[in-house]
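I have placed the structure first, in the form of structure tokens, so that the comments after it can refer back to it.
Here the chain labels run A, B, C and D in written order, and each chain numbers its own residues starting at 1.
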Amino acid sequence: MTPFFFIILAGFAVFCAISLVSQTHPIASALSLVGVMGALAVLYLQLGAEFIAAAQMIVYAGAIMVLFVFVIMLLNAGAEQEARRVSRLARFTGMLLMAVFLGIISLTIQAQFPKMGGVTFGAWVGGTAQEIGVLLFTTYLLPFEVTSVLILIALVGAIVLARKEI
Amino acid sequence: MNLWLIPAFPLLGFLLNGLFGRRFSKPLINLIAVGSVMLSFLWVLKTLNGLYPIEQPHLEHYFTWIQSGSLNISVDFGVDRLTAVFLLIVTGVGLLIHTYAMGYMEHEGGYYRFFAYLNLFMFFMLTLVLAHNYLLLFVGWEGVGLCSYLLIGFYFLEKFATDAGNKAFIVNRIGDFGFSLGAFLIFKQFGSLDFTQVFEGANKMPVENSFGLMTGICLLLLLGATGKSAQIPLYVWLPDAMAGPTPVSALIHAATMVTAGVYMVARSSALFLHAPIAMDTVAVIGLATAFLAATIGLTQFDIKKVFAYSTVSQLGYMFLGCGVGAFSAGIFHVMTHAFFKALLFLGAGAVIHGLSGEQDLRKMGGLAKYMPITCATLAAASLAIAGVPFLSGAASKDLILEAAYQHAPWMYWVAVFTAGLTAFYVWRAWFMAFTGEYRGKKQDEHADAGHGHGGHGHGQPHESPFVMTGPLIALALLSLGGGFLSVTKWLEPMFALHEEAVPFMIRLMPAVMAFGGIFLAFVFYYLKPGLADSFAGAFGGLYRLVFDKYRIDEFYNAVVVEPVIQGSRTVLWKGVDAGGIDGAVNGLGRLSRGTGSILRLMQSGSIRAYAAWVVFGSVLVILAIGVAGGLR
Amino acid sequence: MNFLLISLIKTAVVLAVLLTGLAYLQWIERKVLAHIQIRVGPYRVGPHGLLQPLADVIKLITKEGFVPSHVNKLFYFMAPWLAVTLALISIAVLPFGPQIEVFGQKTFMELTDLRIGILFVLAVSSVGVYGVALAGWASNNKYALLGGLRSSAQMISYELPMALAIAAPLLLVNTLSFREVVNAQEGYWLGFIPRWNVIPECVGFVVFLVASFAETNRVPFDLPEAENELVAGFHVEYGSMKFASFFMAEYANMITVAAVATLLFLGGWTPLFPAPYSNVIPVLLFAATGLLLLIAGTAPARRMDKYTFPVVGVISLGIALIFGVSFLVPVVQTILMSLFWFLAKLLVILFIFIWIRGTLPRFRYDQLMRFAWTILFPIAMANLLLTALAVAWTTK
Amino acid sequence: MPALPFPDSVPLSWYLILSAVLFCLGIAGFVYRRNVITVFMSIELMLNAVNLTFITFSYKLKHIDGHIFAFFVMVVAAAEAAVGLAIILTVFKNRHTLLIDEVNTLKW
């Protein structure tokens, strides 16, 4: 069952990512990104990272992307106009080059990690909230605290930037 | 015995006054400044009382200062008989002068600053005297130089004062350069800078009759001494140093700091005794300085300048004494000189104070009735310096002269003649100041003429308060009776005495010259005041030469200062700095601008273009990793 | 295959009950509001308007699905679908009874048990914003847009105190699974005080309730759909089933937060009294109701009451009988008792929702935001910190 | 049950390749799009792709440090989004455009 779900989810994620890049409207792009994140969250569950999966949904999809949607709606940004005529040939060449590059990367990854073992859902669950909490408050305590300072700084920065006078 | 307390008191005073003095009241500043010196003086007395008689040097080790390879320098203080004499002079005379300064500086700005500097000077001077190795001595040496600079330039709003300060400092640098080189040579030769070890090493060396290492060391040390003690060729800073307040002139530029050179030569006597050539050089330099300065002193009209040249001249005597081997006589003269020269300066200060800043002898006259105590004490000092028998000056100077006679008779005759000149110019100043009619203006329009005495014009010449006359009286007593303190006996364990009989005539000669000089001055400046000017007219050229101080300053200016300035301007500034360094910097700037104007084409301001570059670079990196053999 | 079959059965049962419940929740709300305002409320369709929800459903389905010309079609259609899907999805992890054994099959009285059930509910509710926000934006209408913006800002803001309020009881029970949370609340202090989290966490409970009002866009925080400012807010351009979807979503969300509150704070299906006493309570309650109704039916105030009161009374007596009989079959009794207590608590909370709607006026928008950030958030934070301190103090 | 055409478990490299694909799509969006918000979202997509790699290797190593890292990435992304969007709002207020091609001077 795991490969079946993987292919569905991966396909969905790639489809959403392509949609993100190709949609002209920012809202559509944002929703595509939410789709990618949802698919990734389920993939994380497959990989046994249940806490990260939940955090992905809560933090990324539920907060960050809502913020994006919010801003898009606030600015009432319309669809993107075509800036300059990108020739069809250039677009095609670009896609082709990216495909080639991806092919090379894929081959490299396959060659580098030929026998890395497989993933079966439920075979290993490492990222429970408890384990992550313990690690976060022991080994990674300092980074965690620094992160809180970072968030505080971001908070202050956002408030200052959003003031009317600037 | 806690020797460190002796310099620590003035240091504490300096810190208190220097850091917080701005907010202190004057009585508090006085208490701290004078009190610290008083405590220091009392501690000196207690220490010496406890150590008496100082048969062996008393050493105290505090901590290791520098430890580097074979170089091991510790902070050591030591007291032997020589140090004891200097400790008493420095703290005793220092205490009197501090007391006097309370009155003299009363109306000056920067009151706390003055006393802070003065206390700092005391600290460094005591460190210099107590130091038991050359480096620590050098610390004190440089420190007193710094304080001298600060105090000469005390009226730093006046250009001549700052110039004089700079001059003193720069001229001293030449001397310090010699001292440093000498210390390096000592370390190279003896492997240590500690007095005990150096002198033990020196005593094992043979006496150098030709020019050798010891002579080199001694000549370099002598260069340092000539700088600090204002001897030829580096004496030019001392007369200008009179720009500072008069108590400074008395304390630093007469009684204590300028004798540091003599102290250093005497301290290094073990070295000098092994270098007769250097000894002779010391004697010749001392003699030449004594004579030259005395002749200049004849012609000066600024009362402090007269005494300044007198100081240079007397220092020359001390060097002469050291040079001819009579170290103890030299030190004796240091002490008596400290008494009477400090008194002369303080008296001059009292006169200047009483005249609200007037320093020109030609505008004085008849002051005896306005300021009797000053007049009497100055007379005592003048008698002492002139060499009237049984007074302090005569006692020490005669010893030097006798030693000179035994060493080389021609030195004796020059020195005796100089003694006559000394008597003449000192009494000339005395007669001009205190006898005859008052030639100054009675109104206070000259109130602004003198430096720093502005706002203190009483118009009428007046006697100074007791806080100033008290030290004058004390110093006068010392000047008169100081000759009976047998310093030479006290120092005998350190410096051997050569008591040999000299002809009675030779003994008599200085007294004759002294009375002769006084008499001539009496004739020229009391009986027939016009006679001096006609003499000056008769020897016009010579007089002008002497009056212009042999144009030594102009000579140095032309030979040393101007070439340095011109060289700096043309070679260093225009050539090296503007051409080389600026050229390199500007060239770099031009290069970056040129490169930038090409690279600017990439800075389109379009973020997407940047992103494309980043991606392009990443792809290149990944491909490079792939080509290089994978991620392993 | 058993797993699939059981899951299918459970899904069907839960969905049917839930959808019916949603419809009747609306009836209850209208009735309660009406009585608060001294009206009668729905009365015409069926006895006491009991068939009103059915009529509403038929009306909404058969209405013309009108689509305004200026909307963004894709998102316009996507929004109600998203809203109702996300509202219903979190029901999947909410348990309403203990583990039971039916015909030899052990199963839980819920659709699925997740180790991170609480996180799942939080995640789904945080994604729930999209429905409202998209609806507001896709309608291409300034009232709708304002409603959507207000809604998203409000839901993001109130999610924080809500999450903090949830975190506090989690510290006490030390798990993220709803089932274990409830299990940890079994038992009694001093033999009669239930070990519910609401007792040590009363502040957290209040904060949670207040935040959940805002999360579900209910009065007094129903700014996104404030009629007198925004006509109807984000769903102004929606009609027929699309409007019904939003309606369903709102009530489903209400049920979800009420269930979460029940599970986290009120001990889920654990009874208020120790088992020997509590098992009798439903029997007595329903019997008393039935008898009361029968007596009331003999002297009807209105014409129809002489038929309806006795009927309902008989049904109540029947239910009391069922509870009574269940004493003989322990399995059935477990199911019935846990359902009874769970539903009782749920209904109490839902009643509070309706009660407050009938009582409080609407906040102004700036007051709403200030309340979230300057009052509710610090209180929740302090509560969490105090709880953490207490937990750290007591567990060595 | 009929044998499925693929193995019972998913090779880990598939996840890595998926991550690479998503990352490249993010790059493409970053370079290709003109709307600054879309560009920003492309960055988020890249971050997500990187997170997937972290989680994958975490599974491989049976060690949850990768999860912690992903967690930090999320936090940083949140902070970045807050500040970034505030900047975008300010830029829009001053320049009335969201197209990065037109925001090409530092001083207006």
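Just so it is clear, contacts are C-beta pairs under 8 Å (C-beta built on N, C-alpha and C of every residue); 3 or more make two chains touch, one makes a residue touch a chain.
Being a predicted model, the structure only gives us computed values, none of them experimental.
Chemist: Identify the chains in contact with chain A as well as chain D, in label order.
Modeler: Joint contacts, listed by label: B.
Chemist: Between B-D and A-C, which chain pair is linked by more C-beta pairs in contact?
Modeler: More contacting C-beta pairs are found at A-C.
Chemist: Could you state the distance in Å from the CA-based centre of chain B to that of chain C?
Modeler: 98
Chemist: Per the centroid of Cα atoms for each chain, what is the distance between chain B and chain D, given in Å?
Modeler: 77
Chemist: Approximately how many whole Å separate the CA-defined centres of chain A and chain C?
Modeler: That gives a centre separation of 32 Å.
Chemist: Please work out the Cα centroid separation of chain C and chain D, and write it as a whole number of Å.
Modeler: Taking the mean C-alpha position of each chain, the two centres sit 36 Å apart.
Chemist: What positions in chain A touch 2 or more of the other chains?
Modeler: Residues 51, 55, 63, 67, 74, 101, 105 of chain A touch two or more partner chains.
Chemist: Among line, ring, star, complete and other, which best matches the way these chains touch?
Modeler: other
Chemist: Name the touching chain pairs, please: which are they?
Modeler: A-B, A-C, A-D, B-D
Chemist: With touch defined as at the start, can you tell me which chain B residues reach chain A in the complex?
Modeler: 619, 622, 626, 630-632
Chemist: For a test of understanding, state which residues of chain C touch chain A in their complex under the given definition.
Modeler: On the chain C side, the touching residues are 74-75, 115-116, 119-120, 122-127, 129-130, 133-134, 136-137, 145, 148-149, 152-153, 155-156, 159, 176.
Chemist: Residues of chain D touching chain B in their complex?
Modeler: 27, 30-32, 34, 39, 100-101, 103-106
Chemist: Tell me, which parts of chain A touch chain B in their complex?
Modeler: 101, 104-105, 108, 111-112
Chemist: Could you list, by residue number, the parts of chain D that touch chain A in their complex?
Modeler: Touching chain A from chain D are residues 4, 6-18, 20-22, 24-26, 28-29, 32-35, 37-38, 40-42, 44-45, 48, 51-52, 55-56, 58-60, 62-65, 67-68, 70-72, 74-83, 85-90, 92-93, 98-99, 101.
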